[in-house]
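Look at the two complexes coming up: chain A is in both, with chain B in one and chain C in the other.
And now, the complex of A and B:
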């Protein structure tokens, strides 16, 4: 073995997460769902805790399943509340986000006083801890990530239409509701896969920032998606590198700081370049 | 005062202050701004503690408010003129601020007591312990002073700027004509929300601060459209949920802030169930009523179509409705019964006859 297995796990985990969340985040940003990811990440917490309470196991697949179920419930509540009430989407998201997370915290604190529960690893879902990734988790991340990427590649044309003109898609008889569920499901998978690496709070940046950084530089969806994957995985790699070399630096926050720098650099550079073009060529 | 009483008081006052600040935030469709602000306070807090060389409350509050304002400015900068949706801008900015805060804490502040867990969940259970002291005298718990001041400040804010807030929220286009600057009013509101979030998050943590600001107003919005009622209801829901959540948390010995947030979620579900117009039960019932009414109208039109024709005695019977309209028998019976209740048809043996009222209904449809 050439490199230490911890190093390999952290680097691989951050690479997978960066690219997968970059790709799915692109669609979230284009569909103006920048904060849906944040809501789902918070809503995953009670699912993780309940899955652990029911199974007594901390196997990555079981916790991911729990997170997915509660994320899915939250998503259904969110969309049906938006359909039936006059409330603003932001209002409903804030309510869903805080109450599901609160439920998760309450359950977690209930577990903590029960002497039989070994909690190690569960609280990592809050802020994430890439350094504690084990090979099992990385393998699960890799498989689920690959499924996401393959499905996006297969349904690329459909997702494209859904992102830019859902009304037209519906009028031409596409199964819009099914496609939307698939896309949301994939988003959810990319979120729960990232939770133990970067945690609940920072997950939103993993989804949104790569797409925001890539957007001004490409006129095609393919370009933007690939660009977001590159930005996400590069920042993932850089963050992992810094946290492995500098002591006391947590991985998730390091990645997110790199992502923030990437967004600002992208927007400023783009602005500069545009300013230098002759007026008639400016878009 | 006993410990639990102090905690209950702090929770209730914080909830009241949050509800007051939350109304116009939610009405202005800026609920998720609260999420952005509450997660961004950390770096401001760290910077202020660094400058003040210790956990000074006043410096911390100022630093955190500054960080909150910087976050809102950052979101505005990202979403202005660049065709970036505000949600995406928020989704980038607040994790960035939070990450900077966490990095800063873990790099230079490990010796100082900023616990990132406490930032997320708050420490309301410890509210009775931290006391305000002045020249050796004990003036009671700091959190009580903080939350009490918050309620007073927010109430004063609403009293002085209430009219302007109303104009900007409900009729922004005419605000300039009425001599009200939407930009200034917006920043005043954002500043108050930042201050509220700072106080709330030191008591109940970043995530519940969002819940306290938004959830009571959301519940009230489901139940009323009148502004004064909205205010009262938000206050009642916020304070009520806090006290109920506190009692529940004590009973089961679990996290107070988490339980309060979960109770708010439960209240939202309850309000969404029973709400008069927007509730799902009301909408389900009204859909049922619509469907039933449509059935009766179909029936009346059918009877009118065949009225006075040869086949009348065959066509206008219950049996025939089952055959021709493809209705199930109980369905047809129900429609006939309902049409009789409305006084639209009467039964002449097995034949259905329109009343005058039924005839005019059928004519108005045709």
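And now, the complex of A and C:
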């Protein structure tokens, strides 16, 4: 059977992206680290541009590597600033987020002006363009997504303990710092997976919104994780559909509009339902 | 006899400010000790520093004669209730089973044995009927009992409990104090950070009085003397006034 390859790439890409970011976003939300995801996503932009400038290639693996390196540098900056100063985490993240993103945009504009280098569609990384996904990119997304899902499944009990009660985890001898690094690393991977489709600007919504929509309906961490994956991939598909059919609409904003609707609908429905429950059954 | 817990020259600071200054303490196996002192005396800090949850400026800590890092499987720590987010999507049984995670080791999921053990420990605290309840629906006292059950699941020899009786209902308080006596009867060592001077004398056999420095340590009747208590509670206040 012949399916249009663009449509196939987009559907697969959004399913992978939605599930992976829903799953990792659940942990980010429960650990109150939504802003960390936002910082890592914005910090990925200069990495993408610099990787292109150094290699002259736009092979997905090279750009992803660049994004991961600059995301990791931003994360280290963040944690060393938090260790050595008394600044509020939100403030530090705002500084890291805006300065790395500023660097990325500046480099991107400079590249755009230089006559020799072709822009290579790097501006797609700002707001995302699912229609530009090629099979190579989807394959890389699939492999990285599978790594995330397998590691979360293997370390589910460890990540649950880390998210619920890290101090207790440490007191029983778990290497909490290592577990935290692995979880943050996976968060970074999930962000990288979404860069072409959603773009750096709105990637954090892709992490946070599905988890927020799933939270009121979940009685267990497994339920919340799966619920967020379903919300993420559904909204991903809907947004990509709009972006494919309506000319000039970037995918990221389209997906985020659906995510916003999902969050509001979830909270309103929950409120309605709760009002009809007897008091003792209300969560 | 090797002490269950032995602390030597322990000093901890928050920035420039000392939180604990040069503490020496031994806890005998089978003892039931209350750690008391005014706010900011370093009671919670003592437990955290012992477990290596906070950096020490100086000092050594041995549990059962071995470095603390090698003895964590014999110790249960019950943090203050406020340390966690009770809106986390999980139920009572699931939290109690977390006490079994370390013994399970990497990757292995809790199974029927861990479930049975957790239910038994919840039952010891009288909340087995709540096992399927969301933790967001618990009262403060019920939350505390879940934490105590999680510690029992760990099956330790040494219990370090941070304010387990703060803001709980009368039933929970009676259950908890009962449990401490039972544990002592089984030869376990129990150390409880405690705020209520009234109950110390009735339940505990030893008391440690802290105010950054160690003020007193000994049998309850010696430590809980007005003259000794004044040294910790009013002594601290005088310094603030000066």
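Methods note: the second predicted complex is superposed on the first by the 277 of 283 C-alpha atoms of A that agree within 3 Å, B and C clash if a C-alpha of one lies under 4 Å from a C-alpha of the other, contacts with A are read in each partner's own complex, and residues count from 1 in each chain.
Just so we're on the same page, a residue touches a chain if its C-beta (ideal position, glycine included) is under 8 Å from a C-beta of that chain, and two chains touch if they have at least 3 such contacts.
Note that the structure is predicted; figures quoted are calculated from it, not measured.
S.K.: Between chain B (first) and chain C (second), which, if any, makes contact with A:98: first, second, both or neither?
M.R.: A:98: touches chain B, not chain C.
S.K.: Scan A:113 for contacts with chain B and chain C and give back first, second, both or neither.
M.R.: The answer is first: A:113 touches chain B but not chain C.
S.K.: Chain B or chain C: which reaches more residues on chain A?
M.R.: Touching more residues of chain A than the other partner does is B.
S.K.: First (chain B), second (chain C), both or neither: which does A:165 touch?
M.R.: second
S.K.: Is A:173 touching anything from chain B or chain C once the two structures are fitted on A? First, second, both or neither.
M.R.: A:173: touches chain C, not chain B.
S.K.: Please identify the positions on chain A that touch both chain B and chain C, taking each partner from its own complex.
M.R.: Shared contact residues on chain A (touching chain B in one complex, chain C in the other): 215.
S.K.: Which residues of chain B touch chain A in their complex?
M.R.: Touching chain A: residues 26, 29-35, 39, 78, 82, 84-85, 87-96, 98-100, 102-103, 106-107, 110, 116-117, 120-121, 207-208, 210-211, 213-215, 217-218, 221-222, 249, 252-255, 257-262, 264-266, 268, 272, 275, 278-280, 283 of chain B.
S.K.: For the complex, which residues does chain C have touching chain A?
M.R.: So the residues of chain C touching chain A come out as 48, 51-53, 69, 72-73, 75, 77, 79, 83-85, 88-91, 94-95, 98, 101-102, 104, 106-110, 134, 136-137, 150, 154.
S.K.: Taking the touch rule as given, give the residues of chain A at its contact with chain B in the complex, in rising order.
M.R.: Interface residues on chain A, with respect to chain B: 29, 32-35, 37-38, 42, 80-81, 84-88, 90-110, 113, 123, 126-127, 201-205, 207-209, 211-212, 215-216, 248-250, 252-257, 259-260, 263, 267.
S.K.: Could you pull out which chain A residues touch chain C in their complex?
M.R.: 30, 154-158, 160-161, 163-165, 167-168, 170-174, 215, 218-221, 223-224, 282-283
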